[in-house]
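In this document, chain identifiers A, B, C and D correspond to the written order of the chains, with residue numbering beginning at 1 in each.
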């Protein structure tokens, strides 16, 4: 069973469908599946719903699919830094479902773990709780949040082996493992596919069972807020 | 004289004790890190990191290493990385001792509003709702009044809530107040600020 | 002639396809690994491992490397380790294509009993309930009748259930049966076993 | 804030109480906190409830606390291999709450993640579901399982640094991370405490925030089923 594909487009061949729900990894522009997003743009798939913490910026990440009007709805926790998003949202062209960041991450993990619903204190007493089931446990009130079961997951990792075992790097891990877990099909893009046996089995962040297709590519890895400090002179 | 941003941050740093795991919000809370001195504090960044270090030196920025404000940062010898589900698991699970956050409004019952102004730009709550619902102690650092001179410490919040009854302590440019039964209680005032001045600048009930 | 343990295991191995992630139970199911040939099968061990290898050579046992039957095993080049919550997350989440399990009783509606005989020794269900509820396809491998010659394929299970309506296919020493609408359907019989013999040995409705 | 203690007994000083709920890591005898269990035996703490996948064997693991009658109740998925356990259970001296193994692991993780309840298909239609809330999601029936919030967690890891960051080895990881997460206080025993900075921050299995106290010790690491194959002669 070969999981490795040559290009992002070929790795998405046959799995894209108008109106589908896609879970995407990444936080801000860090650890986003930039090559797969480009390929979805090229494929022209429409009416997409994205479960993704952010919506990219105007010309990078999910932002490029907003420009082409391929996105119908976002399930996100934070969508600042994206003027086109705001415009489409305020004009009613784009639906937006806000989820608290941790609720979104847990909803993805829950979907991947066969858990259709879980209770959380997050959002109780806020607009987030409106219309959701409330339940008391040991005298405290919680709301029911639902697992996300996506049609497709797209994620970005640092290294992979041919069986799809993935390793992430630093804070680029973020939403990638939960996003990968909750999709019926998961396609991963990585910086390097290494020989089988060269990843430490104790240090694999996402086992290959979650990864159905795999590409290696060159990533721009854009930095959103370049902040530095001065070296003190000795 | 009211405290300036750095004095507020320094005062907030006094809330932190040796061994604490802490999450600092964007803005003044970020400055708190400059005032922890030799206390053994571990900073959490909710995008998946414990043991957040300072900004990198120029040329050493790493696109894979950012904080929750999307700024480039560095790691420390104690650093660990994890995914977002695990990160908010530890937040929701009460493992983070304290969060120091900014706010638009705080109500006398501890309600907090800091994520949305209806009709204006909608950016989203990010991890703020999770933090206020989950961490051990929520400390708000903010100016006592807004640009128009109106109190930000209110009887009731007017903006959509981030959390209900979640704030423990408020540190403003005028002083420090705790959320207690029946309203806010003055813990201390900034040097040169009288309790009367603080009363005058506060809409919330002071008990 | 009815199949022996190894023939049953070999027949069960035919159920497995290239690229599958599979969980094998204790007993005959364990033998299935010997018959997968050059198919690319990855074995899961629910105590936290994908890519389970064979038993170690003598002297190379590792106390930190065991399977769900607590036997010492080895790792492969594809192996990954994870914790029990993650392991059962992938089981419950339907990521495991198939589980091949032993059974005490299977009912014609797919009910499975394989964890407890009331009044006798109570050992516990271990991961069996999670597996039958979660994996894509549940294949039972067991003798067609018990020691007393009574059918183990029943109209209704008499023992406490492991799962309700969970079994897809049953491989016994007499043949292969699928759970379908209204009862069991004979897929094939062991070489030399007639359908009549299989009917006679089966209490469950055969459709 | 020093987390490192000299002995298992000193690491448990002040945290043991009669009648408490303890979550313990380990699967079978693999990755069990053997030193801390010995210290609990020495402390004589009584009426304990253990959430632990197994109950050890008669003379090792939790089994030693069964011998001394310090255990009131077990929450486990499998308790074979333990004659004394069986005797006490059948005579009514010991309570036993069976949990499916994955439900037990998820209940621990849920407790650690502030989730008081979640829905699962596991056990629907079995004795496990009796008395539990049933709920349908998308046409399928699930049962509500509760998060475990333990008073104390005891776990065993391979390596730690002084801040309590833990690394496990092979299948000895098992229940240790979820058990560690669900306790108000977590005490860990490790084979080696390594210098700060020598663990790869991308490969830490359990961040130190979950670990309050730490000891280094020598472990017997008993093997329950020694199975081997013969070397084929060339």
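The rule is simple: contacts are C-beta pairs under 8 Å (C-beta built on N, C-alpha and C of every residue); 3 or more make two chains touch, one makes a residue touch a chain.
Nothing here was measured: the structure is a model prediction, and the numbers come from that model.
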Worksheet, complete the sentence: The larger set of C-beta contacts, choosing between A-B and A-C, lies at A-B
Practice prompt. Provide the C-alpha centroid distance between chain B and chain C, rounded to the nearest whole angstrom.
Written response: 54
Worksheet entry | Whole-Å separation of chain centres (CA-atom averages), chain B against chain D | 35
Worksheet item: At what distance in angstrom does the C-alpha mean of chain B lie from that of chain A?
Response: 27
Practice prompt. Mind pulling the residue numbers of chain D that touch at least two other chains?
Written response: 106, 109, 113-115, 120-121, 168-170, 173, 201-202, 205
Worksheet, complete the sentence: So chain B residues touching two or more other chains come to 75, 81-82, 88-89, 91-92, 134
Worksheet, complete the sentence: A full list of chain pairs that touch reads A-B, A-C, A-D, B-D, C-D
Worksheet item: How about chain C: which of its residues touch chain D in the complex?
Response: 45-49, 54-67, 69-73, 75, 81-85, 87-89, 91-92, 111, 121-130, 133-134, 160-165
Worksheet item: How about chain D: which of its residues touch chain C in the complex?
Response: 27-31, 53, 76-81, 86, 89, 96, 98, 100-103, 105-106, 108-109, 120-128, 158, 168-178, 205, 221-231
Fill in: Touching residues on chain B, where the partner in the complex is chain D
18-19, 21, 40, 42, 44, 50-51, 75, 77-82, 88-96, 134
Worksheet, complete the sentence: chain D residues touching chain B in their complex are 1, 109, 111-115, 161, 163, 165, 181, 196-197, 201-202, 204, 207-210
Fill in: Partner chain D, residues of chain A touching it in the complex
106, 110, 113-121, 135, 137-138, 140, 142, 146, 167-170, 173, 200-203, 205
